[in-house]
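The two complexes that follow have chain A in common; it is paired with chain B in the first and with chain C in the second.
Showing the complex of A and B:
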């Protein structure tokens, strides 16, 4: 017997209802990814007309001139520069086996970040670049790194940097891959948490509006610049760390970082940004 | 001149006196407490957090996802209708982003009553 408070929590906090967005943007649950993406990108181009497609990689700073001015100042001495250098050092450090990350990763890891996450047909699941790094460590008898911050975020910063200006290019190679994409999409549009809000409520419907003092960034381009140096964190953090923080904003229990749910979510969200030029690592407030 | 100021201060004293005498008929002490409590709950980040989405007089840095909460007595003939909007906004708009404060037990019944008292004064 579970205590009643847990039951209430389950009943009110963990249910996820799929919502249909009428009038604004509705992605049919069974539409194919390519037409979803077209609808999605057109929606934002219309909503923020006059903003260049590639500018969406700059999140809030693409759509709000005042925040943009502050951010331009920050970008003159970007707080993530040290992370790129540190990340490169870590990336090139030999494992106890004498090998390096470059020995595990496609193209030696250089200029591949914009093509992640990928659907791994053999593993039959979405694989993120963060996972590739820890898998490589384990193959080389090293401890895996924590997913949210620290060395992993630094290595990802370096790898993102080597993919700068390459167009995000996520592929959906099989029907199993499409199923994973659909799970991510469903999560994005499902109400969750005690506040009963979906990601899409904030980053699709209300993109550009203010939630208290924060402007909500458009979903399009949201994955282009991760990992991010966030002033509120005072350090680099990964995309899944941000996902978890946003889950908590809706007072939902966050999924574990790199869980299947968040990997599918990343797959969906990155696919929606196909064609936008990668610009990681980034700086945010 | 002196007489004028004396008259003025006398009338203003009278005004204060009559208004304080009149207070109980517009809002009694209990109601005033309810309104003050309601305001605190509405503004509290971990309670109503209404300012995340609504401009409300007296609240700093409001969001603009929802409409400013003004002229509530014109918008709602009864407190009960207002309470229903706060209890579960999805009844009026199934696609709403506004959290169902009552239905999802974000606030207790008592807290919602207080918030209604406050919002109805706007």
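Showing the complex of A and C:
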């Protein structure tokens, strides 16, 4: 039998390499969430060595002393305190049916924010706390609230406050939940917009570096403090409003707030921050 | 008097004949706008629409209304290219975007 020619041998080698490479890529994309989380958290612990794990909930203020000093001053009388009070009032206001949000939410809504978003097996999708609030309103014959700001952000601020210091604990209970998690992960690492950048380019690779006058916050802990009072907004805003703002900064058209894309993204990012103590609502530049 | 009337009619006819059609009715421009809209919609379907594409296309239409055909064509072309690039980017990312940390 004639040995294969060099050309054919080279062709087979290329094909084998391609198959192995594709297999590895696919394995990477569908890796186990728990192992993803470990690598993710280790990456940031190594990148910002010396910073306490729970400090990552403070974003840029954990890694930049100057910004931290300014933020500490703001935190002495934080702009979100009114939001907590107003949110509590709204939360306890009776619907026209005579019921309240507490009647719809698990544990009466108190101390649950750190465990959202959740994967709802019956609906076969990720459900956020913001969605639970609007679903509750609709069940009680009230109009749903706008997703980005206003009363919804205030109610979320109150609920986040009741979860302060509880460890973020997102679960992935099924293979469908894992698929949603993987979609969120995929979006986080996909280049979008005219600037052709992914979320991860800024908040993983370049976290801690400057982008113009701002410092890029680490992805770890990013969901722990929402909703936030942003000085740029001059009011409270939700996490999905911030997602949309980030999308537009890369010159991509933002997805609708509470769209499947952003809910999956929230699921992935929140899962990555499991174990960090929730500290919402927050104040940011 | 008759000569004066002929002169006025001739002038009116000349004026009518020399008035250019509206730029927004220009067949080439209309076709380009349709192509751009189609390209942007196609990008949107795969979640790849860029932020400014529709704004640029609207600016193209505004320029056409003002009679600036060259500028209008240029902007419509830019919007079309953005639509095509957004679609291409989203399709490529479907295949190649992979978490590099994991």
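Assorted remarks:
Heads up, the rule we're going with is that the second predicted complex is superposed on the first by the 258 of 285 C-alpha atoms of A that agree within 3 Å, B and C clash if a C-alpha of one lies under 4 Å from a C-alpha of the other, contacts with A are read in each partner's own complex, and residues count from 1 in each chain.
Keep this in mind: contacts are C-beta pairs under 8 Å (C-beta built on N, C-alpha and C of every residue); 3 or more make two chains touch, one makes a residue touch a chain.
Just so it is clear, the structure is predicted and the values come from calculations on it, not from any experiment.
Of the two partner chains placed around the shared chain by superposition, neither chain B nor chain C is touched by A:243.
In the superposition on chain A, no contact is made by A:71 with either chain B or chain C. In the superposition on chain A, A:40 contacts chain C only, with no contact to chain B.
By the touch criterion stated above, A:202 is placed in contact with chain B alone, chain C being left untouched. Partner contacting the larger number of chain A residues, of chain B and chain C: C.
When the shared chain is aligned, no partner comes close enough to touch A:147: not chain B, not chain C. Looking at the shared chain after the overlay, A:229 reaches neither chain B nor chain C. Judged by the touch definition given at the top, the superposed model places A:210 against chain B, while chain C stays out of reach. When the two complexes are overlaid on their common chain A, residue A:188 makes contact with chain C while staying clear of chain B.
Contact with chain C, but none with chain B, is seen for A:253 once the two complexes are overlaid on the shared chain. Taken together, the two complexes place residues 194, 196, 251 of chain A in contact with chain B and also with chain C. Taken in their complex, chain A has these residues touching chain B: 8, 12-13, 19-22, 194-197, 201-202, 205-206, 209-214, 251. Contact residues on chain B toward chain A in their complex (touch as defined above): 49, 51-53, 61-65, 90, 95, 97, 99-100, 104-106. On the side of chain C, the complex with chain A involves touching residues 44, 47-53, 82, 85, 89-90, 93, 97-102.
Partner chain C is touched in their complex by these residues of chain A: 25, 28-29, 31, 35-36, 39-40, 43, 185-186, 188-194, 196, 198, 200, 204, 247-248, 251-255, 261.
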